[in-house]
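Paired with chain B in one complex and with chain C in the other, chain A is shared by the two complexes that follow.
And now, the complex of A and B:
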């Protein structure tokens, strides 16, 4: 009898087991450039992201120190004065993809992303951000972009550089998640 | 004579200013490692004392030794706990199961996968 219960428990566990898609090398870019001034742009190629196909849960973790700028001094200022990455080393997103189903994933489909983004110690709700998803064998590709305001994350741009750094920041992402 | 002096000073100041604004990036390859330790020791440190370890290791150049548990074109994982990302393709014929020593810069701890992330890596030994 006991064995039977274990057996049943084992099978039911298997039934709810989630299949996950993961990347450790996702790309997130942001740009806060102002036309005709030096570009304020950085790329992070070390983003971890996970999609649970059954629930559509979507999580991402960005290590702020991993943002690389073309200009080394700009990178230093970003880490020290704006993102304060010693104090806030992580940016995280937790949310879901609306009505996600792996079977609906044809060549290219658009899904809406909802959730909360935490950066610089502040959290902002993101709603209905359209993301492009496609399936390629054991991989799911995710891409998209959205706008954020520096004020949402309590990041102040000093007066001296106000006309060189935009307060509206374009964030784009590009993940290739592998089935595990 | 004074005019020349002012001109030279201005030129020097301009040169210094330019060098400051367009200074070059850190060269992890050339830097002396601040810490040398094993992959297990590093990940245990982050797991047990996350905030102290962040203060200690974040943005530091370190040398880590461990066993390759996963390898791709531009990244490899040591002891399933330290994820090392390379700027260039991994050239040495290293494969799963070999012991290796790597130098790189710690960018932080990934709580989703419970791995320490290191970028700008290259193989030391």
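And now, the complex of A and C:
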């Protein structure tokens, strides 16, 4: 009996461990450029993300100060005036991949993701975002892109720069998650 | 033992089903985080702030100080007597800036070096410390009035340590111990080598507006000196690549030796100057 419980205990721990894929170096880009003006885009290369393969649950965490722009002033303005990253240091996503199954990952497949994105203290529901997933040995690759509106996150673009910064922001992501 | 194991088993199953994936990957930092943007402008008002121009970027700053507003409409509140300073600052690296300027006040040229020694860290070192040195050349001194004038008399030097702390998102404070030396001083009793302590701060009113003030406490001013310690109060407005700084001050010169050593205005008489610094990033 004792051994059986040992076994069960380990088995259950094992199950937990084996069904998760994690990355700490995921990439998230966003771009709010307006054609013929200086490009406004940034990249964050230290995004943490996790997939729980049994349920298809997916979560990601972005430290807002980790976004790098092409110049320091833009980066400062982003943190100080738009994202207010002192007050709201994290952006998070929590959701689910529809009808996810690890067995479907033999070839590149597209899954729809539903969930909620929190940024700048506001949460927005995202529905049916198509993500490309593929499996390579111990890794799962996830990539995709979607559009967000600054108004959904209570980010105001002042009149003087309205021509130069788009209110529609394209977000793209690229994660390579490793089996834990 | 057995109960413990059963407990473990259950707790692991329970956490398995309830655990929020997000909390598993929650992290606060990816390494040392520096406090950023303690000040918006390179200057608080008259004093240098601890902000530097980033690497390979060039900032152009036009500053004006109008004449004293005391004379009212007669000089259009000082507009007739404005002085201008043009200043270019280049970021050699993120921590080293070189600047050149020309001011119409006493036709002063200056060359400056600004370098960051330490940065304020989140949950770490509490201050940003920046050094500032400049050499000034006063080209307005006239040989006809000062027959013994040599080139060296035109020179002045400034050495400053700027110590700032971003106390919270809105409030930043700075202390600026300053040594400056003028090879020629107007008041005979005045030591050529002078010491001052600068105090400055900014308070953010909104994401784009802030209230700024600085004060220079001269520590060895000659007793018969007509000059006053500079007190300046103003606002910063930031719009994209520009920072507008608008202020009132009782010192018309804009370089450290000038505003610390030769400010003539007096707040108690209403003898103050309106001015602005306008910067543009390239």
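Throughout what follows, the second predicted complex is superposed on the first by the 162 of 180 C-alpha atoms of A that agree within 3 Å, B and C clash if a C-alpha of one lies under 4 Å from a C-alpha of the other, contacts with A are read in each partner's own complex, and residues count from 1 in each chain.
Simple rule for what comes next: a residue touches a chain if its C-beta (ideal position, glycine included) is under 8 Å from a C-beta of that chain, and two chains touch if they have at least 3 such contacts.
All values reported here derive from a predicted model rather than from experimental measurement.
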TODO: Go through the superposed model and pick first if A:174 touches only chain B, second if only chain C, both, or neither.
DONE: neither
- [ ] Check the residue A:134 against both partner chains and state whether it touches chain B (first), chain C (second), both, or neither.
- [x] neither
- [ ] Go through the superposed model and pick first if A:109 touches only chain B, second if only chain C, both, or neither.
- [x] neither
Open item on the list: I want to verify the contact counts: of chain B and chain C, which reaches more residues of chain A?
Closed with: C
TODO: Based on the superposed arrangement, let me know which partner A:164 touches: chain B (first), chain C (second), both, or neither?
DONE: second
TODO: Would you check which partner chain A:80 touches, where first means chain B only, second means chain C only, and both and neither mean what they say?
DONE: second
Open item on the list: By the touch definition at the top of the document, which applies to A:150: first (chain B), second (chain C), both, or neither?
Closed with: neither
- [ ] Name the contact category of A:58: first (chain B only), second (chain C only), both, or neither.
- [x] second
TODO: Enumerate the residues of chain A that count as touching chain B in its complex and touching chain C in the other.
DONE: 22, 24, 46, 48, 50, 59, 61, 63, 65-66, 71-73, 79, 86, 89
TODO: Can you check the complex and tell me which residues of chain C touch chain A?
DONE: 1-2, 5-6, 8-9, 12-13, 15-16, 20-22, 24-30, 33, 36-37, 54-55, 57, 94, 169, 207-208, 238-241, 281
Task: In the complex with chain B, residue positions of chain A that touch it - done: 22, 24-25, 45-46, 48, 50, 59, 61, 63-66, 71-73, 75, 79, 85-86, 89-90
Task: Residue ranges of chain A in contact with chain C within the complex - done: 1-2, 5-6, 8-9, 12-13, 15-16, 22, 24, 46, 48-50, 52, 57-61, 63, 65-66, 71-73, 76-77, 79-82, 84, 86-87, 89, 92, 94, 158, 160-161, 164
TODO: Going by the contact rule at the top, pick out the chain B residues touching chain A in the complex.
DONE: 20-26, 54-55, 58-59, 74-75, 83, 85, 105, 107-113, 115, 117, 119
